[in-house]
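Take a look at the following structure, please.
By written order: A, B, C and D. Residues from 1 in each chain.
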Amino acid sequence: MTSALLPGAALHPPHEPALLSQYRHVRAATETLVADLSDADATVQSMDDASPAKWHLAHTTWFFEEFVLAARIPDYEPVDPAYRYLFNSYYEAVGARHPRPQRGLLTRPSLDEVLAYREAVDEAMLSLLGSAQTDDEAALIMLGLQHEQQHQELLLTDVLHLFAQNPLRPAFAPELPAPVIADPRPAPDWIGFDGGLVEIGHRGETFAFDCETPRHKVYLAPFTLCSHPVSNRQWFEFIEDGGYQSAGLWLSDGWRWVGEQGIQAPLYWEEREGTWWQMTLRGMHPVDPDSPVTHVSFYEADAFARWAERRLPTEAEWEHAASRLPATGNFVEGRALRPLPDRQNTAGVLRQMFGDVWEWTASAFLPYPGFRPNAGAVGEYNGKFMSGQMVLRGGSCVTPESHIRATYRNFFYPHQRWQFTGVRLADDV
Amino acid sequence: MTSALLPGAALHPPHEPALLSQYRHVRAATETLVADLSDADATVQSMDDASPAKWHLAHTTWFFEEFVLAARIPDYEPVDPAYRYLFNSYYEAVGARHPRPQRGLLTRPSLDEVLAYREAVDEAMLSLLGSAQTDDEAALIMLGLQHEQQHQELLLTDVLHLFAQNPLRPAFAPELPAPVIADPRPAPDWIGFDGGLVEIGHRGETFAFDCETPRHKVYLAPFTLCSHPVSNRQWFEFIEDGGYQSAGLWLSDGWRWVGEQGIQAPLYWEEREGTWWQMTLRGMHPVDPDSPVTHVSFYEADAFARWAERRLPTEAEWEHAASRLPATGNFVEGRALRPLPDRQNTAGVLRQMFGDVWEWTASAFLPYPGFRPNAGAVGEYNGKFMSGQMVLRGGSCVTPESHIRATYRNFFYPHQRWQFTGVRLADDV
Amino acid sequence: MTSALLPGAALHPPHEPALLSQYRHVRAATETLVADLSDADATVQSMDDASPAKWHLAHTTWFFEEFVLAARIPDYEPVDPAYRYLFNSYYEAVGARHPRPQRGLLTRPSLDEVLAYREAVDEAMLSLLGSAQTDDEAALIMLGLQHEQQHQELLLTDVLHLFAQNPLRPAFAPELPAPVIADPRPAPDWIGFDGGLVEIGHRGETFAFDCETPRHKVYLAPFTLCSHPVSNRQWFEFIEDGGYQSAGLWLSDGWRWVGEQGIQAPLYWEEREGTWWQMTLRGMHPVDPDSPVTHVSFYEADAFARWAERRLPTEAEWEHAASRLPATGNFVEGRALRPLPDRQNTAGVLRQMFGDVWEWTASAFLPYPGFRPNAGAVGEYNGKFMSGQMVLRGGSCVTPESHIRATYRNFFYPHQRWQFTGVRLADDV
Amino acid sequence: MTSALLPGAALHPPHEPALLSQYRHVRAATETLVADLSDADATVQSMDDASPAKWHLAHTTWFFEEFVLAARIPDYEPVDPAYRYLFNSYYEAVGARHPRPQRGLLTRPSLDEVLAYREAVDEAMLSLLGSAQTDDEAALIMLGLQHEQQHQELLLTDVLHLFAQNPLRPAFAPELPAPVIADPRPAPDWIGFDGGLVEIGHRGETFAFDCETPRHKVYLAPFTLCSHPVSNRQWFEFIEDGGYQSAGLWLSDGWRWVGEQGIQAPLYWEEREGTWWQMTLRGMHPVDPDSPVTHVSFYEADAFARWAERRLPTEAEWEHAASRLPATGNFVEGRALRPLPDRQNTAGVLRQMFGDVWEWTASAFLPYPGFRPNAGAVGEYNGKFMSGQMVLRGGSCVTPESHIRATYRNFFYPHQRWQFTGVRLADDV
């Protein structure tokens, strides 16, 4: 995927206010993503968990209209009053909304009308951004931009899911480099950490979601992390060794899921005449043994770890390992889907911690000690999802680069796997 | 709806073979229907029972490619081999097919590509039609055209269902006259029939589906039919009298359906500040008291008849009444969605028997005595659906005029009501 | 099954009024059925379609209490007011009722308490029967007795279903003769009927359910009936010929049912090391090739007929064939599960028409012309089920002998097969 | 509930080996519980989550037969080979098993047969216990006894659920004292804890489940705990304040659950003419304002805490608070369902921490650092359930007294509430 598709949003040309510049960049990046989609591609919803591309375009716009423009501008006239209902995602405090499973029935407004909606809101936002903001307003706008970056990733994973349901297996963008990067490498290494009383959580100087705070103390026993994410080659071994047929490897919920869904391989894998193929954003390709495995559920990640006689890291272990090492420029422009620079400690090198696959952790998504959600309707952003979901760390190949950070807590239900989700093993010492 | 949308298909200019001419007309009529649909409108499937407009366009084309071109032309090269799988509806004998509930996920091929598919098949068909056909081949082609006319009606009812799910309630074609015609009239009349040993079923001189044959004897006791279909005004009374809350009026299956689905009015009716509105192909309009009620299920039709202390006619009664009266030109060109001429017997006038609403009968869709399905895969056309469905007669406002005939047996499950379905009462003498 | 279990109810000792005598016999017969059931056996409900034995005992009693005692006796004190709610089956007019799928949760009242309830109601009923009745009351009591006989059959089929779910496959009564009788016989014969304008339906001199009336004219084309029901041996052939795997043999609804339920043989058949065994009221036994096949659905019956290149008879054909032949004493006491005497016409002998298996017909359960349901709440008895069900004729091996008659219309949904349901083939001439 | 029903299992008369004595006591206690149940009461399963009493009796016996007798005795002859299949709960390693939702269909073996099964296994076990055991075998037997104590509690909660489905609302044992004890008391108090680097988890000297180990360090910020569990009186206020109608109080999953299930009060509460009644093991009683609220889900507990502007404690906070205070004899014989003695620190008194209601914590049930499941099939005991469930602490009024300890980790899914589950609030300092 070229940088044109998912540029970092952090460029601040000196002659423009930083927020205005960031707004322009993030919004433009979203539109770049849909350049090759037809009206139909952008309209259809392939499962309840996914949303249409058009909906992503409109909902991220609604966020600015609802939370910024309508709050700031007296007697604000909405671009279209119906959109308030149509494009609310889950904010109960804002009012009624269109049911999620019916998002794909909205053939009207068309893609062009949605792009016009974006343009109208952008015009008002840019005018507003040209003048001064309160800190609260600036924080809301920044939240809106981070929100939009999340939807950039979802838009791509949702389109991939849609195209994977089509027997023609169309490519989203055939000329893209592989979204998950192969890493020809020495054998994986195990890197030790002493643990002890450490701190995790965001420090609060730059943007973070409420759920990344407050920074707090955690006690960690000594542990090791594998230098690399689990590769497709390792997953072949798991399959060949009967991993999907061995009840003893699985959590009880996971084993039921495997049975009921008939799971036998990662999502998007298909066996054709003895070879595993994988549906990707570039269409169907043979599975690359050297790439990190992706599109696996927490249940699969956990079963794999048990098969390997290891375990998944906790989110505190992961963050501690990721953050105490020198940050050697991960957030610069121009990542271009190369792995971020490796992080190294005395005992070895941690590779591909960021920007390849979201790594399932052993931690449930729960509030940090002392957690307080944001005030107002945006307080529904993270806190209300702290039930039944597991934390993932690191960011994937379709995460906007400026959206990646060591404290970031992504979360999904343990059966979900249409995101670029993978596995890194850990162990006790 | 203008005649341009649903022209009769029976024009035979003297300088062309009749079948060729009919082919041109029917195929062109289908394409006229989608002129105002976007790619997205034509792609989305709003429920399992419905199909996308694009699918209707492609499937009717597949019928000719699969059953005519591939059978006739040696080493026939399909336009696209994948279409054979994608656009088979339910012909088990033809092979695997795309699952029905996933028809709406096919954003590719696009509407334009599907129209190009039609053009390619039309070219081959027109060339084939320019030369001589066997009787069997001609029969298959005629079947394909009747099949396409059925899909013209389904396409419209499916688009109406899709648009009705959209909170914007878009109009398919706002300038259309009402698809169901109001008939300001004298009070309904009851028309008597002597019954006795009569014949029903198609005589076989012109086209009919296999299920309309063989013509056979049926004994009918004397009966009466109401001169008019039940009107919306009558349905208001049923609602106001608590019809939807009175268990005693309903079949057991129907009462369960009412409870589980929360049914309180015909499909597409919405109460807004005390007035009933109805979603139509022209958008939202107040319910017209003088129009026939439509979008009611068999369960509702049956409950209404019980409330009215009447009953539904059997299909034999209906056909006998419809066919023994002079056919005064129902099948001429230019119906333009006016009701067909009335039929009259000595005791009164039967009005709006054809072309307003499909009238639910009291008869299950079962084989006529001596029924033999067509040979080959097209034998799956009707026979295998003879279970659990009820017969409807007469044709609706969106049935192509040349597709209407007194022997026609339409059939749907008793809970279905997204077609233009209505009610005519009957009674014993 | 011995006659002690399901005695005829028609004995009228000269010194007692007929109805009183019949009441005693039918009620006693029901209790005989549960003599070997434990409290637990009588309490559990094995599926929504089935009811616990205890519920059958109580509900049939409730019928007399609700419709006879409470109607006749001023200020009637119910045996237990809660029973009115607990043991109503589906009479909407009578009031709220315990939900059907939860009948099996009623561990209280116990079997003994339910038997005491029966005794209390019997005492009041016998007292009432000792005095004069109006015709309407006598008709209601007779309806209650016929109702109870229906539940005798259901009780046995429900216990069989329950015991078949138990991996121990317990026998209900191991010493019973086979409930479905093997008939070593000459090859099946085809018996012709001329048809024409005939009459079917009950004449009204003796008891019949409302749905068996009115007697009315039907026109029948000439047809043939097979002399015997389809045997297990024939069903082996159907299975071996891939009958359950051949889409072309099945109705569309049936084919979906086969796929979703994984149907591969009649209900209660199990293949063990190459031999078919069958769960019966006597426990597990090898399937007897000479017995009529039983526990097949309408879908299976219809598919078998198509495979055999025949068809199912209509209910009018069946009744006409059954009734125009001399009734040679079918209703005498002491059937003891031998087949009723055969019926013979000039062209052959119809065997096992009654008392072996309920024979699926090709007819939907719909009202006869001029049908009027009974007045009052008992009008819900049959009429409201005239939707989606198919008619069966003849009576099974667990139908009380005095409950069998040529005009009897039994009805079940096309997928149901826990009754003793079988197949007799018919054909056009 | 008298102590006869749920005696402690820890009595060790000096003349008997402790394990043998404990075996006798625990096994006898189970049988005492079913003394008043009929065969039917003991057979029916009221929901998938529950099991029949008979199944509890048999499954706990199967545990000893499968894991102790069959492992120890060469050529062991099982009491009934079928029981191995029927009474395995979820041990995949042991082989196939009867499907959980069908446990309630096993009317055979009868309650008496199951009690005879218990007797036969007890005889063999007592003989085995009379001789020497290896440590591993003794550990397995102790595990079996703790397992049986868990099932004692489940048996009672499952019977309560069953009886609550019966419109007669029968009492399990009407003379029982209230299972949840009212505590007339001063206003609740808030008790502070300093936190810091503390240890939780079982020390390993006495019995504990594998999931309670290893003991490990946890860092706790300062926190407070409420002196009392939340009372019914407080829950009345929550209801009256619209707690069940306020989306903002609920986790997203919880709000969906409330809507789909129509939740408006704790399980077993019924409003009758303005008064809340509650189904209990003693039958229907008015809700006692001074008793701890019980039969609430995690979702409800969490929403209540948010409404009260507090939070739930983590399991580490709970255990730290419970364990660092003097244990003043909680585990002595004779609790007789009085609350265990209170625990007190310098700042106040923690009341009713044990033996009233299981207290939902904010912690997901996940492995402790360094967790290793037991070896062999019993390794499936806890570890495989570490997904999607929340930890509860403290023990309920129907938990056997000797089964209660500060390190005990009970776990249920967040929507489950048929156990005696309650709430204790916590807060940050």
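Here is the rule we use: contacts are C-beta pairs under 8 Å (C-beta built on N, C-alpha and C of every residue); 3 or more make two chains touch, one makes a residue touch a chain.
Chain identities (UniProt): A, B, C, D = Ergothioneine biosynthesis protein EgtB.
None of the values given here were measured: they were computed from a predicted structure.
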Which listed pair, A-B, C-D or A-D, duplicates the contacts of B-C in over half of its pairs: A-D
Chain A-chain B separation of Cα centroids, rounded to whole Å: 47
Length of the line joining the C-alpha centres of chain A and chain C, rounded to whole Å: 60
Approximate Å spacing (C-alpha centroids) for the pair chain A, chain D: 39
Shared-contact residues (touching 2 or more other chains) in chain B: none
Graph class of chain-chain contacts, one of line, ring, star, complete, other: ring
Chain B residues touching chain C - in the complex, by the definition given at the top: 90, 92-93, 197, 216-221, 247-248, 250-255, 298-299, 302, 311, 314, 362-364, 366-367, 369-370, 380, 384-388, 414, 428
Complex contacts: residues of chain A adjacent to chain B: 38-44, 46, 82, 85-86, 98, 102, 104-111, 162-163, 165-168, 170
